[in-house]
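What follows is a single structure, written as structure tokens, with notes after it.
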Amino acid sequence: MTGSVVLFVVTASALIGIGLWGFLVQAHLLRRVLAFNVVGSGLFLLFGALGWRGGGVDPVPQALVITGIVVALAATAVALWLVGRFAEETGRADLPEDRREDRQEKSSAGGRP
Amino acid sequence: MNALPVVILLTSLLPAAVTFFLPQEQHAWRNGLNLGGAVIKLGLVVVLMGAVAEGIEPEARLPLAPGLDLVLRADDLSLLFVSLSAFLWLLTTVYAISYFGEKPELSRFFGFFSLCVAATTGLALSGTLITFFVFFELLTLSTWPLVAHKQDDQSLAAARSYVLYALPGSVAVLVAIIWLEGLVGTVAFAAPPDLSGVDRWSLTLIFVLFVGGLGVKAAIVPLHGWLPGAMAAPAPVSSLLHAVAVVKAGAFGIVRVVYDIFGVARVQELGLGTPLAVVASVTILWGSVRALQQMELKKRLAYSTVSQVSYIVLGTALAGPFGTIGGLVHLVHQGIMKITLFFCAGLYDERAGARRIEQLDGLGQRMPWTSAAFSVGAMGMIGLPPIAGFVSKVYLGVGAVQSGELWVLAVLGASTLLNAAYFLPLLWRIWFLPPQTEGIGATPIPFAAVDERVPGLVVPAMLTALTSVAAGLFAASAFSPLGWATLIAGGAYSP
Amino acid sequence: MTGEVALAVLLLGPLLAALGCLLAGRQGSTVALLALIAGAAAVVVLWDGMLRTGPIEVRLGGWGAPLGIVLRADGLAVGFLAAAVVVMGAVWAVARHDFATPRARDVFWPSSMLLWGALNAIMVSRDLFNLYVGLELLTLTAVAMVALGRGPGAIEAALRYVLYALMGSLVYLLGVVLVYHGHGTLDLDRIAAGRSGADALALGLMTAGLAIKTALFPFHAWLPPAHAGAPSPASALLSALVPKAGFVMLVRLWFEAMPDATPPAALAVMAALGAGAILHGGLMALRQERLKQILAYSTVAQLGYLFVMFPLVGGAGAGTAGAAEAWAGTQIGAFSHALAKAAVFLCAALWIRAIGSDRLADLAGLARAMPLSCFAFGMAAVSLMGLPPSGGFIAKYLVMRASFELGLPGWGLVLAAGGLLAAAYFYRPLAALFAREPPRVQRTPRLLEAVPLALALAAAALGVLSQPAYDLLQAGAPAYARGIGP
């Protein structure tokens, strides 16, 4: 592995880590969708970097990454559409189980049905 | 000839399938279909009987998956059960058609009724354990809507408790079957498996699972709790349930397991015969004691069934030729006598509104034919000669002596006394007490207006009563239940 | 029609039909019907061809792996293709009457076609990345269908679904990247031929991702609200077919691509998760008051059945008759679950249409008003309980027997317990239907009621005719799941 590959791998891992953290910790739905995209970018970077197998650039990961980006785009579009619909109908941008004030209420009120 | 068992099964299965989709108003079609199926079936069973008597054992096979074939096969034992169910199905159908008249939901009722009989036929004719299980479950499922038929709270509760008992029982049987098949491969009744390589504890546990699972249906104490409640079902259902379908399926299964899977010798060697006899005896006595305490006629009959069916198990557990004969012959005798009693209970309820035993007072005057049939059934249950029940008890008694289990004689004696104690007062009330002056039942039917003359209800009851006398009188004939039972026992004990 | 053409019809047909449905608007259902008829014919051709010449393989454009795309229809694939086309047909017949509003119609027909196409693609793909693309398409159309449900609950359920699904995709994709790094290929057969140090980690990641998408316990939280909230015909598709895609991918990974990376302990963990699903799903189903929620939790439990197979097919029993029985039994179970679960959801669709509710209390007495669909519900429930005579019973029997033969009776007993639980949670709706007073109903055409009945009969018939299904499954099964049978 050359030094630049290591750099790619480290960067990719960092992106994946940040993205996963965001996805799991953030309650705001828009942020979670963004976090998903950050993880996706990290993964595609990793894919490209690990595709470097000594004797030059492997075209397969590159082709796959392009497809992957398209898929991620579609998924993002659907997710954003849903977030929009959800916000329209409820006026909220987070799911009930992720709401901090709800959780506190629950623990203080001994759990609502 | 090999297709004959399949055709016999179809005589019940096809009417069932068609009846479900018949509109409610098509009474003629529905009745014709069910009666036609029953008559054809009875005819075919007679043909089959002739064939089996000549030593032919027809067999039909449908492979489902490797190691899993549905096999229908007729042997002596299956014929004993099939002929009983074919005969009683015909009479019960006649009875049910009159009983229901033009009440609602009849297509559903007769559909499940025929399905229930088809399941009974199928499990009688099963050639392998797994085939037996398939029909055993079909029976469980098709009986549920019958018990719940009235759709009132009592019926639904009864149906619920039935399922609550039956399904865990089925699971026990399934586990036993699969465990056994995992050890020795597919089990067919015609060629009992070689169990010599299997360790004692596995065999004992498998046997306990079998008896426990089948015992739910056979209403062995303490697994009998569902049976008395199930009397909430309409009279034709109770008749079938107590005489042929469910409890008999359990008893028949236990007979199969003991004779055609384990073999009498192995059951004795494992030391399981005596415990089984003890369980059966406890059931016999407990059922009788509880029957004595019931003031509702059908409940009393239901507990009587709990007690009587275990005679079959007792005979099987005694593991001697005479015990075997006694048990097997009781499979038929109890069916004929008990169906008589339930037919009559239905008549008393429908025609006189009498459900509790004090309401039976003096009904002999207004319902002489019904009461005569009832009396024959009751005396048969007590074991008075020359009615069929006497033959069963004699053989069981001799079997007990032969096997050296003398305590069984005491059980038989006590049970007979108890039977007399809960049946004779009924006869006394029916024939000798003066009628109650005001009308009886919730919606009073004036005593003078009580009229039993509905041929479709009375004739079946009379016929079964006569049959139970004939089975006792002509017990020595080769084609009597006793004759068949002797034939089967001969097979089970031949080296 | 040759095998190649049949595969093309099953993959391209739905995509073209989706486009056609969009353009046809009001006539969308006609376009869908044409695609379904063509698809059914294609399945027949594949089934027949496969029994005669073995698995059918197509290299797109004549290019083989690693560059080209290889499609293969083996017994497992054809079985699921057949189940999918049958369920799709039934859903079509009911959905035609169910989506009155143009918006719902405009979304439902194209997405159902896309969903079907994605499902077909997953069944026949032999490449981890194609499988990924297929699974994403499947998930997104499924999410769109959930969002068609009424009320804010549906959107919330769809949103939760999509978040779980995105998470699952990412984890799966990470595993795929590792596989590519280790093997330099994503073709299933080529992965099987080689070995890499990262296999166990890659398999673990991909399994976790797929477990989320298959709603394997304990990753199932998204499933009940989504399946209960979607419009009922869509629920039928979602519950009957969609989770099976992830399951098939798991089977392909564990038993075809990386059989060496699966130690007995891992196999047992999968079965333990399955057992957890059976018990948890069953107990939760017992506590629901709405029919569709009961059915959705039942799906969680029934998916658990499928994973009990893992330690029986792999591990010590590999290659024995017991493994073959467990394999075939599980797949037959998956098929009959597809048929029976679609049947019960379509019953729910008809009942909601007739009485406007799926609360158990409101269903009371429906057996008198709608006997055909209630009968269908009962029959399908029997199959889902695993009682004879039904495909569900054959499945349970084969897997239980395998577990006893292989000396692992515990897994068999879990199945037995699951059957009892299923009987318990189906008892409540059945008893309600059977209650006395008939409710006020809107008239339903008899023919419509016949649709779930046909599905339920098919599930029952699978029990009587399981030999053809068994023969089909043996064609192209991985070597150690191909027993001769006792």
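Going by the order they are written in, the chains are A, B and C; count residues from 1 in each one.
Everything that follows uses one rule, which is that a residue touches a chain if its C-beta (ideal position, glycine included) is under 8 Å from a C-beta of that chain, and two chains touch if they have at least 3 such contacts.
Note that the structure is a prediction, hence the values are computed from the model and not measured.
**Q** Relative to subunit A, which chain's C-alpha centre is the most remote?
**A** Here the answer is chain B, farthest from subunit A.
**Q** Averaging the CA atoms per chain, pick out the one whose centre lands closest to the mean of every protein CA shown.
**A** C
**Q** If you average the CA atoms of subunit A and of subunit B, how many Å lie between those two points?
**A** Each chain's C-alpha centroid was found; their separation is 67 Å.
**Q** When the centre of a chain is set as the mean of its C-alpha atoms, what distance in Å lies between subunit A and subunit C?
**A** 27
**Q** I'd like the Å distance between the centres of subunit B and subunit C, where a centre is the mean of that chain's Cα atoms.
**A** Centre separation, subunit B to subunit C: 43 Å.
**Q** Can you name the residues of subunit A that touch subunit C in the complex?
**A** Against subunit C, subunit A makes touches at 16, 20, 23, 29, 32, 36, 39-40, 43, 46-47, 50-51, 53, 58, 60-61, 64, 67-68, 71, 74-75, 78-79, 82-83, 85-86, 89-90, 95-96.
**Q** Touching residues of subunit C toward subunit A in the complex: what are they?
**A** It comes out as residues 66-67, 129, 132-133, 136-137, 139-140, 143-144, 147, 152, 155-156, 158-160, 162-163, 166-167, 169-170, 173-174, 177-178, 180-181, 184, 186.
**Q** So in the complex, the part of subunit C that touches subunit B is made up of which residues?
**A** Against subunit B, the touching part of subunit C is residues 321, 324-325, 328, 368, 371, 375, 382, 387-389, 393-394, 397-398, 400-401, 404-405, 409, 412-413, 416, 419-420, 423, 427, 431, 434-436, 463-467, 470, 485-486.
**Q** Considering only the defined contacts, which subunit B positions touch subunit C in the complex?
**A** 20, 62-68, 70, 105, 108, 130, 133-134, 137-138, 140-141, 145, 148, 151-152, 156, 159-160, 163, 167-168, 170-171, 174-175, 178-179, 181-183, 185-186
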